[in-house]
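This is the structure, below, for whatever I ask next.
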């Protein structure tokens, strides 16, 4: 039987859409974890990225963060924090937020850095304060990249939250972990399908946001193909 | 110039990958069969393959078996951490693995005969020998047992006067019970608690195989009762109370080698029986402590056991 | 860390497995992505659909993909290798395309003027010049691949990921640290080797400015300042600047 048969079997069984182990409940949990982690990461990463980009400092640190973040195994970090905190409440939140920081940080930094020097010089010449330059000139221009960073982080967190089921978290990853343990492949297949749809929906949502938030002129400018 | 350099880099890359492949070739892979359950394996032949479930105690036992067999001159390879019984049992009956350390009662009620009422070691083994598929059989059981148990914190045991599983009837409705994922569907899990003791809990929380997740969930109150294996060292160190099982919902769980008949030569049988003869619950508990509290390595603990028991 | 040395057989075995399962997909990736990239540049209409496909694969959580493969390859190494190959492709193909497109027009024109056939031009002029950008993508793909293998431990094939699950079960932080350190070091060493390889392959490259080096490290193609390939998020023909993601 192909993957799709198993997934379809599970997804079309109405029992799986109700109760504490049902799809809506698990989806909600997953979104909850993702939302909280993203919010925390946003509050930390974006201001730092804006500051670093505006003052053109710390490029090397940013590269290091980028490389390091890519090499860091998510399962390892989840397990480490879990064992170190003896399974406390924060044990899932710390890795999820931590892993969401690099994409937002680096993309925000790059975004602000990439703002045309002439633009910021003109703004400075007009007598704007540093904060005004940031707010009125740099952030609007950097918006596409900042948004990209948040989108990247969102997808990252959705994926990490899936793996976090291993350390006892709820959410959609439960279907994979529990299904594997009970050798119930249709649960695994169905769960994977919901996760894939969620990831694509997140991707789509951000693409929509981009159209809504980023001014048309900037959008065109950033396009290449 | 460019072509030569690229070719050189390409060859080097391929060479690296090949070397890595060779050095990892002890691990083996599980082949996907054309069966209706993609999670089960298919047959393969060769050396005696000792498998283990995905929790430390079973991995240790597998290591002990492998060690003993190797000392006896048998060609051995290991396939550790396969998964829960639901995953590795089909592999054994097909011969993809040759030996696995099992717990006779759990094996019986989970995979062989879910309606079995056998509870004592003798009853369970008789039932197994009768009902196992023709490709597999069990060898002698050891005295060592690692049973499932319903365990609660000392505080709750005192507060609600809990001594046996039956005493849970007053609190079950408001309590969350935790255990490995498969506890939900097994005959001696949630199902058994309902049928044998008439208990229905508020909800079930999937945790892990009596590991840190379960321990911390019980300690923190995330769950009020948990399925904890009786040789888990933290029962003693965290002062948990394992409730008595007067109705024998949990059958005897002696450590017993489950073997694929075709791979079980006379030497294999006699070696493993010798190991079982020397394994006691106290020994097992002590070795678990070394693994979990002292963080000794599996191979060290296993070889110590083998030499101490004169099984080399 | 002496634990690692004491258990070097075990650790070595999983290290080897990790390298094998991570690098094979990257190898497949580069072999396939170069011709596909060339086609995308040559036949422009093929690029948007392929770009969409790579965007999609890029966004999918690795664990979900591994489990999809179980239906076809059971619980074997290939269950992890195939999805990782798809990931590598989703990183490499856009980079190959960007690299080829970043070849300065005057150079192309000079090659045409010198009588280079189309194929020769691609092989001897455009691809060599695209090496820095392609290499940037190769680095991203390699580093991510190394760390993504460990997630495979949840389906039984995880290279050094074994150290995470065993460490978790036994409350053994040392083992977990060893796993983390080895994976990160392994990734960084391979990354360094790729940088050396790039320098060797492109001897004509002058010592680059800090900004250019930084761009390459985060995966942005040089010269264009736009559509970079990081580890996440795909392009869809929009977005500029460095994408950075983490292995997921």
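Letters A, B and C mark the chains in the order given here, with residues in each chain numbered from 1 onward.
Heads up, the rule we're going with is that a residue touches a chain if its C-beta (ideal position, glycine included) is under 8 Å from a C-beta of that chain, and two chains touch if they have at least 3 such contacts.
These figures come from a predicted structure and were not determined experimentally.
With contact taken as defined at the outset, chain B and chain C are each touched by A.
If you tally contacting C-beta pairs for each pair of chains, A-C comes out on top.
Annotation: 37 Å between the Cα-based centres of chain A and chain B. Measuring from the averaged C-alpha position of chain A to that of chain C gives a distance of 20 Å. Among all residues of chain C, those that touch two or more other chains are 70-72, 165, 168, 171-172.
For chain B, residues touching at least two other chains, in rising order: 38-39, 83, 87, 208, 212-213.
In chain A, the positions touching at least two other chains are 1, 6, 82-83, 167, 177, 180, 185, 188. Across the interface of their complex, chain A is touched by residues 36-40, 83-84, 86-87, 180-182, 184-185, 203, 205-208, 212-213, 216-217, 220 of chain B. For chain B in complex with chain C, the residues that touch the partner chain are 2, 5-6, 9, 13-14, 16-17, 19-24, 26-27, 29-33, 38-39, 41-42, 54-56, 59, 81-83, 87, 208-209, 211-213, 291-293, 295, 297, 299.
Those residues of chain C whose C-beta lies close enough to touch chain A in the complex are 47-48, 51, 55-56, 59-65, 67-68, 70-72, 140, 143-144, 146-148, 150-151, 153-155, 158, 160-161, 163-165, 167-168, 171-173, 176-177, 179-180, 183-184, 187-188, 191, 210-211, 214, 217-218, 220, 224-227, 230-234, 236-248.
Within the complex, the chain A residues that touch chain C are 1-3, 6, 59-60, 62-63, 65-77, 79-80, 82-84, 99, 102-103, 106-107, 110-111, 114, 144-145, 148-149, 151-152, 155-156, 158-160, 162-163, 166-167, 173, 176-177, 180, 185, 188-189, 191-192, 195-196, 199-200, 202-203, 207, 210, 219, 222-225. Looking at the complex, you find that chain A touches chain B at residues 1, 6, 20, 82-83, 86-88, 167-168, 174, 177-178, 180-183, 185, 188.
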